[in-house]
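Note that chain A is present in both complexes that follow, paired respectively with chain B and with chain C.
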Partner chain A sequence: MTTPTAPDAMYRNDEGLGIWEHRGKVAAVGVGHAPTSRRWDGRPETCVGAITIDALRKAIDDAGVAPDQIDGLVIVPVTTTGAFWEAGKPLPMDVIQSFNQTDDPLDGIAKLSAEWLLANMPELTNVNFTMYGPGCMSNALNVTAQAVGDGLAHTCLVVKSWHNFEGRYYQGGANAGNALPGTPAITQLWGGPASYSTALQFAEYCRKYGKAHDMMAPFMENSRRNGLRFPEGYWAQHRPEELGPEDYLASRWIAKPANLFDNDIPIMMSGAYLFSTAERAQDMKQKPVYILNHASSNTRPRSLLPTLDEVEADTALTGRKIYEGAGITADDLSFENMYDGFSLFHQFHLEGLGYRGIKFGEALDFYQTDISIEGPNPVSPSGGNVGSGRSRVWMHTDCIQQLQGRAGARQVTGVKPEVGVSGGPMPLGGNYTVWSASPD
Partner chain B sequence: MSETEEQSVTILISFDIDGTLEVGDPPGPLTMDMVRLVRDKDFLIGSCSDRTLSSQRALWQDHDIEVDFVVGKHMLADVKDRFDADVYLHIGDREDLDRQYALKAGFDFLWPDEAVAHPHFQPDI
Partner chain C sequence: MAKQGVEPDELTQPFWDAANEQRLVIQYCVDCDRLQHPPSDSCRDCDDGGELGWKQVSGRGRIYNYGVVHDCPIRLLQEDQPFNLAVIMLDDDPGIQMYSHLPGIPVDDVPVGAAVEVIFEPSANGQLVPEWRVIAD
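Moving on, here comes the complex of A and B:
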C-alpha cells in the first residue's frame, strides 16, 4: 500500500460551498500525547517514530476502541520545519535496527511514513485507508474529517509529530547550502528569520492602527498561564516558567518587532486523535466532539511576503468560510484556539473571525481586557505554542478536551463550552476545524 | 592572573545557563559549586541567558546563590554600564549568542570547558 497525499478535492478552499455535507456526522473521540522533550536524546524509545506510536496507542486506548476496529490512518509525514539530519552524519544504526524499516533509513527518525507506522504497530491489522495531510495537524484534521465523512474510513487515527535535533534550527538541510532553487533562495537562504514576514505584517499593523508591540504582553502571559495548565505540554512538563510582561518585554529581538518569545520553542512531541462516524462514536469511551465544518485557505500572496492588506482580506475570507460551512456565526463561538506560532499573527486570525465582535485593528485592545479561561472571552485557552512549545497541535487537543469537559485546570469556566474553532498555521495558507459538543 | 592579583581587582563574571551550567538544558560543565566558589571570592556574578528574567532569578534562588544581575543575552553592555569592575568575563557555549555578544559588549569570553580549567574556578590555596 502506497500512501497518497490528500488531493485538493478533500479541502474546502472556496467561499460559497454552503453547509458542509458531513456537518455533525464525524466526531473526534480519543486523544493521545507522548511525553515532550527539548531535543532527541538518541535513544530508540524516544525517536519520533517511537513517540508517535506512543501517542497513537494512547489515543486508541483513550477512545476505548480495539485496534482491529481501526481502518484509517492519516499522518503528517514531515516532522520538522528546521531540524534536519546533517548530510554525511552517520546513521544511528542501533535505532534504525530497533524498528521494522522502510526503504528510507531516516523513516521514524527524521520523518514518518504511514508504512513505517503500520510496520511497527502490528495491532493495526485492518487499516485499509492511509493518507498524508501535508504540513500540520490542522491539514491532517481536514483530511481525516473529510475521509470519515466520505466513508473512506469509519474509525481513523490522525497524528502529527515533531522531532528536534541538537544544533541550530533552520540552519541545516538545504539552508546550509550555497544555493536554493526558486523563491526559497530569497526567502530562506538570503532572507530573514522565519518570523520575518509576520514581523513585517505586525509592524505595518501597529503603524496602521496606532498600536505597539508591548500590547502583546497580556496575550503572552495568558497563553503561558494556560500552557502551564496543559500537562501534555513542554513548559508544563519541563520548565514551569511563567511569562510575565517584564520577561516578555525584556527579550531580545529576533526580527524586530518579533522577539524571542514571539517565536515558539522547537521540541519533540507527538499528538494523536481517533476520529469516527458520529454513530460509532456513541459507543466509545469518551464523549464525542462533533465536526461542524472544515475550511482551508490556499491563497497565494502576490509577492514574496504577504502584505497586511492581503492578510486581512484572507483572514476575513477564512472566517466567512468557517462560519458558512458550519452554519454558525461568530456569536456561536464559545472560545477560539487559532494558531499562535508566531504569536504576532494570532490577532490576525482573531480579527478575521470577528471573535466577540472585534474588528481589524482592535485585537490588541481586546488583549488588554479579560481574555482568561475564567472570563467571558477566552482567548487561546490551549495556550498554543506559546504555552506548550512548537507543535501546531495543542489548539486542537484543547478544543476536544474543552468540549468533552476534560481540560482539567485549563477548563473554561466563564463560558459554557459548546463550539470552538482551531486551525492555522499562517494567515494565508491554513486549515481550520469547527468543533461542537453537539452534532446540531 | 595570580591569586594575589585576583584578590586586588574586581572581577565580574556573567554566566550563560543552557549548555554552560550543570543545571542548564543541555547541562554544561560548570557546577553550581564553581559558581559559589567565585561568589565566595567576592566576584560580581550573574546570569545572561535567553531564559526569562524571572526564571533566572528563580534558578539562583533555588540554589541559594545570591547574584548581582540577571539579564537577557543582548544586555551585557548594560551590565558593564551598571557595574564598575576591572575584568568583565562572559562564559557561554554559543558562538553567535555568547561569544559575539560578549566581545561586542567589551567582555572577555571563555567557553565553558575553558572556564572550568581557569584559575578563577580553582579554590584559593
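Moving on, here comes the complex of A and C:
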C-alpha cells in the first residue's frame, strides 16, 4: 500500500460552499500524547517513530477501541522542527535495527511514513485507508474529518509528531555555507529568522492601530499559565516556570519586535486522536466531540511577505468560511484555540473570527481584560505553543478535552463549553476545525 | 555586510545577470503584464501558466516596513548583528517587495516610508546583489 497525499478536493478552501455535508456526523473520541523532550537523546525508544507509536496506542486505549476495529490512518510525514540529519552523518544503526524499517533508513528518525508505522504496529491488522495531510495536525485533521465523513474510513487514527536534534535551530546546512543557489538566495540572502515575517506584520499592526509590544504581556502570561496546566506539555513536564510580564519584556530580541518568548520552543512530541463516525462513537469510552466544519485557506501573498492588508483580508475570509460551513456565528463560540506559534499573530486570528465581537486593531486591548479560563472570554485555553512548546497540536487536544469536560485544571469555568474552534498555522494559509459537544 | 555568494540557477539567471550589469529586472507575465517576485516557473494569476519574461524597472521604491535582526540563522551575517532588515516596495508596482539591509541607516532608526533607490553590492563570491539606499524625495 502506497500512501497518497490528500487531494485538494478534500479541503474546503472556498467561501460559499454552504453547510459542511458531514456536519455533526464525524466525531473525535480518543486522545493520546507521548512524553515530550527538548531534543532526541539517541535511544530507540525515544525516536520520533517510537513516540508516535506511543501516542497512537494511547489514543486507541483512550477511546476504548480494539486495534483491529481501526481501518484508517492519517499522518503528517514531515516531522522536523528545523533540525535535519546532516549529510554524511553516520546512520544510527542500533535504532534502525530496533524497528521494522522501510527502504528509507531515516524513516522513524527524521521523518515518518504510514508504512513505517503499520510495519511497527502489528496490532493494526485492518487498516485499509492511509493518507498524508502535509504540514501540521491542522491539515491532517481536515483530511481525517473529510475521510471519515466520505466513508473512506470509519474508525481513523490521526497523528502528528516532531523530532528535534542537537544543534541550533536552522543554523546548519545552507545557512552555514558561503553561497546559496539563485532561487532561495532571492528570499534568504538577507538573513531573516523564522519569526521575521510575523514580526513585520506585528510592527505594521502596531503602527496602524497605535499599539505596542508590551501589550502582548497579558496574553503571554495567560498562555503560559494555561500551558502549565497541560500535563502533556513541555513546560509543565520539564520547566514549570510562570512567564510574568517582567520576564517576557526583558527577554532578548530575535527579530525585533519578536523576542525569544514570541518564538515557540522546538521540542520532540507526538499527539494522536481517534476519529469515528458519530454513530460508532456513541459506543466508545469517551464522550464524542462532533466536528461541525473544517475550512482551509490557501491564499498566498503577492510578493515576499504578507502585508497587513493581506493578513486582515484573509483572516476575515477564513472566519466567514469557518462559520458558514458550521452553520454558526461568532456568538456561538465558547472559546477559541487559534494558533499562536508565533505569538505575535494570534491577534490576527482573533480579529478575523470577530471573537467576542472584537474588530481589527482591538485584540491587544482585549488582552488587557480578563482572558483567563475562569472568565467569560477565554483566550487560548490550551496555552498553545507558548504554553507547551512547538507542536501545533495543543489547541486541538484542548478543544476535545474542554468539550469532553476533562481538561482538568485547564477546564474553562467562566463559560459552558459547547463549541470551540482551533487551527492555523499562519494567518495566510491554514486549516481549521470547529468542534462541538453536540452534533446539532 | 558580507552576504553569502549566489550561484544563479536556470530560473533566476536573468535576475542575477542583470544585477551584475547594475540593472534591476523583475519577472513578469507576458500575457497579463503583471510583475511577480520572487520569480516562479509560471504566472501565478494565469490559469494556463502564462508566458514569462523579465522587465527592467526604475530601481526606485519606498521603505514599507522593517525589523531588527538580533539572531540570524546565516553564519556569515552573524558578526553584523543586530542589523536592519527592511522590506522595499517598488514604485513601478507597490505590490512587489524586495529585502534590504539599508546600508548606512543606524540600527532601529529606519525611516519607514522614505524614498530609496537600488544600488548593487558584491556578495561573498563577487555576484552583485541589489541593495537600497535612502534618497531625498
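The criterion applied here is as follows: the second predicted complex is superposed on the first by the 420 of 440 C-alpha atoms of A that agree within 3 Å, B and C clash if a C-alpha of one lies under 4 Å from a C-alpha of the other, contacts with A are read in each partner's own complex, and residues count from 1 in each chain.
Heads up, the rule we're going with is that contacts are C-beta pairs under 8 Å (C-beta built on N, C-alpha and C of every residue); 3 or more make two chains touch, one makes a residue touch a chain.
Remember, predicted model here, so these are calculated numbers, not experimental data.
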item	value
Residues of chain A touched, compared between chain B and chain C (which is higher)	C
First (chain B), second (chain C), both or neither touched by A:A185	second
Touching partner for A:K416 - first (chain B), second (chain C), both, neither	neither
First, second, both or neither for A:R239, with chain B first and chain C second	first
Touching partner for A:D247 - first (chain B), second (chain C), both, neither	first
Which of chain B and chain C A:R38 touches, first, second, both or neither	first
Footprint overlap on chain A, where chain B in one structure and chain C in the other make contact	252-253
Chain A contact footprint on chain B (complex, rising order)	25-26, 50-55, 58, 72-75
Residues of chain C that touch chain A when the two form their complex	3-9, 11-13, 15-16, 36-39, 44, 64-77, 82-83, 85, 87, 95-101, 108, 112, 123-125, 129
Chain A residues touching chain C - in the complex, by the definition given at the top	169-171, 175-183, 185-194, 196, 199-200, 203-204, 207, 252-258, 300, 302-305, 307
In the complex, chain A residues that touch chain B	38-39, 166, 238-239, 241-244, 246-248, 250-253, 260-261
